[in-house]
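In the two complexes below, chain A is the common chain; its partner is chain B in one and chain C in the other.
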Partner chain A sequence: MNSKDNVLEIKDLKVDAHTVMGTAELLNIKHLEIKTGEIFGIIGESGAGKSLLALTILGLLPKNVYVKNGQILYKGEDLLKKSQEELSQRIRGKGITMIFQDPMASLNPVFTVYDQVSQVISRHNPGLSKKQLYDRVIEMLELVKLSDPENTMKKYPHELSGGMRQRVLISMALSAKADLLISDEATRALDVTIQAGILKLLEELAEKLGLSTLFISSNMALASTVCQRLGILYAGEVLEIGRVEEIIRNPRHVYTRSFLSSLPTVEKKGKPLPIIKGIYPDPLNKAKGCIFADRCPDYSAECSQNKPTYHEVIPGHFLACIKEEKHKPSSDNDMD
Partner chain B sequence: MWKFIIRRVAIGIFILFVVVSTTFFFSRIVPSEPAQKWVGAHATEEQIEAAKIELGLDKPLYSQYIKYLGDLLKGDFGMSIVSHRPVSLELKNAIPNTLELVILSVILAFAIGLPIGVYSAIHENTIFDHLGRFISVGVISMPTFWVALMLQIIFSTKLGLLPLTGQMDTILKLTNPLDKITGFAMLDSVITGNWRVFKDLILHAILPILTLMSYSLGLTSRMTRSILLEVLNEDYIRASRAYGIKERIVIWKYAIKNVLGTVTTVLALSAGYALVNTFVIEAVFSWPGIGSYISRSVINLDYPAIIGVTLFASVSYIILNLIADIIVALDPRIRFVKGGD
Partner chain C sequence: MDWGEINLKNEVILEAVGLKKYFPIETGFLKKSIEYVHAIDTVNIKVNKGEALGIVGESGCGKSTLAQVLVNIYSPTEGKIFFEGVDVSPKAARNSLGFKKNIQMVFQDPFWSLNPRKMVRDIIMEPLKVHRIVEYECFDTEIERLMDMVGIGKKRMFSYPHEFSGGERQRIAIARALAARPKLVILDEPTSSIDTLSQAEILNLLIELRDEFNLSYILISHDLSVVHFLSDRLAVMYLGKIVEIGKTETVFNLMYHPYTQALMKAIPLISSNGTVQNIEALEGNVPSAINPPKGCRFHTRCYKCQEICRNKEPELREFEDGHFAACHFANQS
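Showing the complex of A and B:
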């Protein structure tokens, strides 16, 4: 695979945290790439490390969390080797940008929309005149299809609806012409109808602006409609990556299959939903072998001895499971 | 907004009425003989009787009360029983001296406390932060009169850098008399270009101001630190960082505006505390303000003066509370709520 096709490439990334209880291993990602122009989904339960991955890419980790080793290559440049100053000046907003799951909390309550959007624009385009800045703000608000931008930009966040806030946030995120957008559960706090509108907007913008997108979600159904490829994150480790169709129709990892079979669908109406037995791994005390071993119905002794290698099963489809050969695509209800 | 202010002022006037009434009756319950004080220790019975009639003390208490309220509405606070001068005049002389201390100490507390708090928050859990918090808690906890005495011992008695007490050098007062324009000595000395007096006033004011501002300073820096730490954890701060906004702007524009409301509110209320603190501090520093005046008046049970000062303190408190409320209402999230408070 040519690395020039990738806008972002993560190699051997390990992120740990100091806690009073000891060192917590939060992320351990062997390899992950986002191809230029694609919408790549990261799916995982809450606590899997999805948001942390986003913050690691942007270099915005909390104080007690640190990168132990690895590389995050953005267009070939290792972001982990850059200073905060350089990240702020050249990468954040301008190269990689992000939208957040709670648009109310992500907009500053005491500044108007205009203040906040224009601040981002002027940061990355110094020397714009007042008029130019004003026009750019209007242009950005029109881009995210906010009606009546002249009026909207005079408002404070609390005067806007949830969907409008998320549009404002998207306009801020994109106003410095970044080419990689990280969407961290951007539609989670919204009504379903509003969700659809925001998703459509994101897809359109990706197309129009040539954006690559890292689409973080815990909603498999949602992600599968938007993304081209999906990565399954479990306890900080990527267990499976593949094209959406493959992941949905032909999931190879037991966890992916369990995850899919536990989703409510019309056919399962009236029947109890299968749940995955066992508890989520403790980041303070992670298993040596396969991270999913103690919950896996296909468990055998070798699973907890060695970490499964991360390998390509069919072109473009990667998997971390020792026994994947035995897992034939099967019906959903072999789990309990 | 105006509706809100008018309502607050109306409530304030009602509170003042209650304060005046309570103070009036309480100061008259205390056994004392104002007429005796009025004419002096060696007066005859007739003189005392005459004084009673002159002061209206022969009438029943309720009619005295009604007359007092009526006079008050005309701006007449009555005559001081000790000095035989109108209380309103004495207040007019004393109030600016006190306000000078309070205003300067609050401004300085804010100007110094805020940056210390911000620096502490940014450098959380460093030596500077621990030291700053230690000092803040220290100055809040130390009794004011003790701080005043310690400062006097160090800077005046031991080092001889600053004058011990008073507002102005007595000899300088005679050689360079200060024209009264606003009543605020420092302001007047600047307006009239009387720089020698100005310098002397500053030197005299340093220790009282240091004492007075210690509480507000500690409060401001601690409040700023803790609220800023909270604000810096907000999603919108993370978002603005994610868009590459300069750290300087993230802190001093985006975060600070969310901090200022609470801090200034607390500061406005601490100004009320400072005002009460002057009662002690002015006594220690012999500062010719309202604090020295009330302590003299209380000792002599000079009730018109006591009510006058109480009234002034109440008005100040009500105004400060109003200011605090208005600051809170400046938050855009509150501004548009109609009819609320």
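Showing the complex of A and C:
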């Protein structure tokens, strides 16, 4: 594990929130890394903390939410130690950038595409001449494969289709040459045919610019088509991280297995889909032991006593489950 | 024209013949209509008793409009609708309670389709009252029965919608739809706004209910894996027209129409043995429904496009038993 290869590394991150009902434990991530140039997927249901993780990385937490402890290392620098001013000057936009679910809500309806893209560019490169700015906008729109950039940039967001809007947003996000893109369900509002185009674009950008992407999604099939590695997030905790093929063919955590088996694939037609009993954990009142214990079919008493250690089962594949620990008497060396 | 039938022994519950819905675009002081949005253009469908018909297509292809015309939210511009052999096209017939009771709808987003100011009991009670399903004294037992059926504890009868999760809300919406004891339920993207695990529960529930009450479904979705799981027959729509219709398995395996192929290729799927399908994007956008392209409506994006496609609109032709596609070059690869 060479930390130079990682664009982002999260260590022992705990995020809590003050509420009227008490303290809610929202995130508890032992270790997570995003390598340079890779597309890393975070999969979870709604309420798992996927979007909160993105906001924590960007330092945009709501007022009542705070980081209890941990480190978020972006190219070796701890983002949590930086001031808001430093973050907005040097990190947000220039280093880490983000695209959101609904492109229409992220674009300003009263300005043209040119106005909006050029504003971002001139904010990060003050002193560009009009001509230079114009060329940069064209360059950015060509980068995201918008057809006919000269005409497109004169249009208002409502004149564009959903896929084109999302492309404009990606071009804005990348216009300050960021090297980590956070995509928060960016294709959810799009049609499947358009979605496929955006996914292809993300893959190309990763290849061409060496852009790393944190791909947040609740759709396992979608994420597995673009990502190289996946992390499974459940109630704020990462249960399993591994390469996509490993996670899909050989899921080790019961939750991952249930998640996969509840997908209605072609072969499962005519049979009831297996489901997990129980309800999602309440962040105000989290279990002391394994977070998944009360819904787990392989439950035993020790599960609810101790938190499972987060260990490496095979190289590059991490897991938090007591049962698997016993099956494979392997190392705890990731905890060093 | 008689097509789209898989089992002649089956009774047809709903049939639409030559259905059209144009929305006028009104401009100027006199609200003169000069242009029309061709939302659905000459659609023929049949739904058999106990069958689930899936409808897929991109947004803007008219699948939701079709559902809304069938359930009488909009009246059709042209065409006839038959319910159990009775012509319900006249306004009076469609507005009668007897007809409305038979077709119920479950909407896409359970966060919007349930009245936030009403308790679950009142939400489910509404159809019971309107359609006089049971006597007033039996309302509570009936509501308990319905809640039990969709798997929500009857203790929560006096809760409000915001107290439920997305999956549970969709169950309440299903309970409300079934309260009127319909024969046909139209499901408009029933699982697209809920999580994967809740989706599995809802899909199981829908199948159980169908087997128990011999319901027919029309399932509208853009998620092909959901459609494949639930439906017996599948119709693919593009720009207001059905381009391919047949048994779900045949549509998935044969894919006569180039649009069906493009749609299938764009969908991320994991198969049970753990292989991930490589996705391919379909270039271009759906053309405007105000001035749909001449000839075949798909020709602007089709890789098979030739001269004839630009001029002559292809008819639905039968390729297999009960499998139709509208393409000039359907059986040439």
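Keep in mind that, in the parts below, the second predicted complex is superposed on the first by the 324 of 336 C-alpha atoms of A that agree within 3 Å, B and C clash if a C-alpha of one lies under 4 Å from a C-alpha of the other, contacts with A are read in each partner's own complex, and residues count from 1 in each chain.
The rule we apply is simple: a contact is a pair of C-beta atoms (placed from the backbone, for glycine too) under 8 Å apart; a residue touches a chain by one contact, two chains touch by 3 or more.
Bear in mind that the values here come from a model prediction, so they are computed numbers and not experimental data.
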Superposition on chain A - do chain B and chain C clash or fit: fit
First, second, both or neither for A:V266, with chain B first and chain C second: second
Which superposed partner A:A176 touches (first chain B, second chain C, both, neither): first
Contacts of A:V110 with chain B and chain C, given as first, second, both or neither: first
After superposition on chain A, the shortest CA separation from chain B to chain C (Å): 5
Residue ranges of chain B in contact with chain A within the complex: 234-236, 238-247, 249, 254, 257-258, 331-333, 336
Contact footprint of chain B on chain A as seen in their complex: 55, 58, 60, 84, 87-89, 91-94, 97-98, 100, 102, 105-111, 116, 119-120, 123-124, 156, 158-159, 169, 172-173, 175-176
Residue numbers on chain C that touch chain A, as the complex places them: 58-59, 165-166, 195-197, 199-201, 203-204, 207-208, 222, 224-226, 228-230, 252, 262-263, 265-274, 276-283, 285
Touching residues (chain side chain A, partner chain C) in the complex: 45-46, 161, 163, 191-197, 199-200, 218-222, 224-225, 244-245, 248-250, 258-260, 262-269, 272-276, 279-280
